[in-house]
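Here the chain labels run A, B and C in written order, and each chain numbers its own residues starting at 1.
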Amino acid sequence: DGLFSTRLVWRAQLRYTHPHRSDPRGVSNFTTRSDSSNFEARRLRMKIGGHGFKPWIDYYFEVDLQPSRDVDDDAAASSARVIDYRITLQPIDEIGLRVGQWKIDFNRERVDSSGRQQFVERSIVNRVFTIDRQVGAQIRGRLFKETYADMRYWAGVFNGEGRSVNNPDNDMMYMGRLQWNFLGRDLKWRQSDVSFHKLPTGSLAFAAATNNGKCSRWSSSGCGNLSGLTGPSATSQNFKTEQYVQEFAFKYRGLSIQQEYHWKDVEDKRNMTVHKYKGMYAQAGYFFHGLVPQIPEKLELAFRYAFVDAPVASNVALTDEREEYTWGLNYFFSGHDNKITVDYSILELEDASTGMSYDDNRIRVQWDISF
Amino acid sequence: DGLFSTRLVWRAQLRYTHPHRSDPRGVSNFTTRSDSSNFEARRLRMKIGGHGFKPWIDYYFEVDLQPSRDVDDDAAASSARVIDYRITLQPIDEIGLRVGQWKIDFNRERVDSSGRQQFVERSIVNRVFTIDRQVGAQIRGRLFKETYADMRYWAGVFNGEGRSVNNPDNDMMYMGRLQWNFLGRDLKWRQSDVSFHKLPTGSLAFAAATNNGKCSRWSSSGCGNLSGLTGPSATSQNFKTEQYVQEFAFKYRGLSIQQEYHWKDVEDKRNMTVHKYKGMYAQAGYFFHGLVPQIPEKLELAFRYAFVDAPVASNVALTDEREEYTWGLNYFFSGHDNKITVDYSILELEDASTGMSYDDNRIRVQWDISF
Amino acid sequence: DGLFSTRLVWRAQLRYTHPHRSDPRGVSNFTTRSDSSNFEARRLRMKIGGHGFKPWIDYYFEVDLQPSRDVDDDAAASSARVIDYRITLQPIDEIGLRVGQWKIDFNRERVDSSGRQQFVERSIVNRVFTIDRQVGAQIRGRLFKETYADMRYWAGVFNGEGRSVNNPDNDMMYMGRLQWNFLGRDLKWRQSDVSFHKLPTGSLAFAAATNNGKCSRWSSSGCGNLSGLTGPSATSQNFKTEQYVQEFAFKYRGLSIQQEYHWKDVEDKRNMTVHKYKGMYAQAGYFFHGLVPQIPEKLELAFRYAFVDAPVASNVALTDEREEYTWGLNYFFSGHDNKITVDYSILELEDASTGMSYDDNRIRVQWDISF
């Protein structure tokens, strides 16, 4: 009936990589290359969503069915786990409430589903700057809809310890985001202009977040730490993090542009040091069929550049710089629901301690399909 | 068709607590208060049930999608896990057979679903006395239906090691329960008189259970031990447990009353000691709309008292006493399927070793919703 | 519509065993008998399959909901986990492509679902010789359909590290299988002639596989090692395995026959030794109702013999021999979807080091039901 609805989706993201499964980060990843030729179900997901009781009470659950693991990991490391659960009350566009655990709407690259990306994987910026999934509550809404002041806002409070973790203390994470839809139209959280926007559509956004706790970074596994910073088993409240992001996105007639600039300060309260990180990515894609009709209609070409500046953990005055250049090719059999992506990356590291530079490259092939 | 049916339910129990996530038990929980302000999905469940082959062959599976964890726990601790699976053959009311793993019908407070409670969580009695889920087989039935001798019975044999654990030896758990529906009507396993019983309905029950094995208590995690007793990795057959319970329940026109008295003896065969536990809770709730029409119809007020007498592990002649006073408030948007609960507790400990008394209080807010 | 279909099945395999849960293998399993009387949900499975986008794009997911565990295992050992995910493109019978993770079609006993067996569990051959589930890609097809040259073929490349494990290096597993349906009809991957083949149907197959890596055996848990060989945490590329199998299967009017002969060589590259294994099973079942109408129509009797020759790890010149004699009885309430199986085994070990022989027996009762 109209009061209840439900939809169940199964998704598989099947990937082949060579020679690196993930982005190389330290000098040793570049020099002592341990090549691997790997088939992987990078993401197996079960998604359930719908509404209940009222048309404006939405729910959504997402189960990560099988995180892949290394050969020396325990079998339990590949157990199924919930990553998203959220209930959204949105009686009117202007204000709503969401509670649960989800990627908390800090920046576009992270919130765009891994199945709605332009490349095989997110940029090198993601590991350092994502706030990922958090447990808590958030108000959210859209104001001045379809005017030049059209904007969305988000403000929330969370445990701040990442996926599924209880808060060990009274310190909460706070976040806010303001997004200006400067042409009066809203862009969905998805990359590539698959739906071929006939009217130019863009957004400019700023967001900030702060936390006191044991984590200096977050991922689908929960609370973690950046290279050189001590793990979550240490004494409470090690780190005060502050993060800011500027974000831009635009789509028009098969062209898509997306860019973010991140700042992140991590104050290590035990060692009395401050670690300052900066990062940026910019990417663009285009369906060249619009220019050259001989090129297949469902084929997109894309390019991405990214850099991450990270302090050397033992001497925060020094800054290592990593860069990524990625060329990507998407063939959308049925939009993002059934697509093949190939990408090729050149990955570079400038090591501040020695002044040496390193680089490597990587090829990835991926089929993403949802049933 | 009529031979097969199925029903899938998604349930979220979202909770905020301060300053204690669970009941404080030892002196240190009271004195060195480590306050925490915590959002939590206390229970995320997927439930599937139906019947197949015959109308009297029922099945039921329940998956606990994401047990929450502490910040220093491994990510795998939050993996999805089956908690219930059971198949029930009930060709006639008088006798049936259930096999599988489930909360084995020992006492009402435990068997009442966590989504059908009158307060945010079960009383302090539960941790010590619940037999929880076991793997095995049980006969069950209802005799003299709708007479003054109306009764239900249960008798079963189980591995006795808790959820999902194989029996390491030949010793089984045995349990029996007899429930007298003294007014000829049956009370469902759920608290609060949401359905507004127009006829008074009540039950009086007694149950007993005994086990030889490595566990001195059980929980959703499986086999565990009471404070001061040695864990399950020790030599086999450490503990002989014997348990008894008396239980009363009654509902009438918005009033609900429920009470249990528990005895539990744990014989530690290695240390040649007997640990004797006693516990009781009594609770009552009422929809005051029946008396004062200005009070909203869906609002229930409730109160619970409970105590647990537990021997000091190092000197079983001494007995610590814990007490709980909880005031609760339920607003049932749509019965137990969509409700908000707020409760406030005063929790006390009389420490037998020192003669000192301690107390603390706790506030909890919870939204329980099923789709 | 015709472009998408889906089917969800819940399956429970409930088992009672005494005195051994699994096959005894070493001398100590036979001599210091640690009897156990055990109820177990040996397999709780959720299966989802269907097709999408095209009628010839099939998908299939299988979740192992609760692996049972020992009393001293961590609770996370019983977490739900995906065991199968596979997408099959089969536009024509003659050639298709399958990608994902599944039991890679090496031998019939393993690929036959645990819910389509003739006995309570697979033979003693399975633990040593199964290649089980692997992550990768395979081509497959059926040629000369319904002629005397009717055959199926499979050829694939896989990570070779078992379920959900990433490949740590460039070495892949390769496998191939050729199956001759010598009567022009195909036999499904299921045991017992429940469907009562009116025409004789048989197959003869040969398969081979080879791998370089850390595993000397595989199971539902992933990568493992045979008794006496070092575990997967050791240095890379310990083992080069080569395996061959000959297989025969036949069904006609309630009679079913199935047999496999296995060879497996494991070269331990670190210790410079070669371990050579041989194994065989042969089984037959019959619905005697065809001969003696008084015997119930749904009752099958079956017998199986198996042996495994395995080198002594410390001296590969010596060979231990294990043998299995199993009598089985199936009552198929509703085919394999709802059946009760009882089997009784005599298990023997000839210990090469001492020349001694040992034997034991075992009874198992099982109800397998799918909803």
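Criterion: contacts are C-beta pairs under 8 Å (C-beta built on N, C-alpha and C of every residue); 3 or more make two chains touch, one makes a residue touch a chain.
Since the structure is predicted, the reported quantities are computational estimates derived from the model, not experimental observations.
Chain A and chain C touch with mostly distinct residues; of the residue numbers seen at this interface, under half occur in both copies.
For the two copies, chain A and chain B, the CA superposition rotation is 120 degrees, given to the nearest 5.
Work out the mean CA point of chain A and of chain C, and you get 40 Å between them.
Those residues of chain C in touch with two or more other chains are numbered 76, 79-80. Residues 4, 6, 48, 50, 52-53, 59, 61, 63, 74, 76-77, 79-82, 85, 87, 99-101, 135-137, 158-159, 161, 163-170, 172, 213-215, 221-223, 232-233 of chain C are the ones touching chain A in the complex.
On the chain C side of its complex with chain B, the touching residues are 8, 10, 12, 14, 19, 21, 34-41, 44, 46, 65-73, 75-76, 78-80, 333-334, 338, 367, 369, 371.
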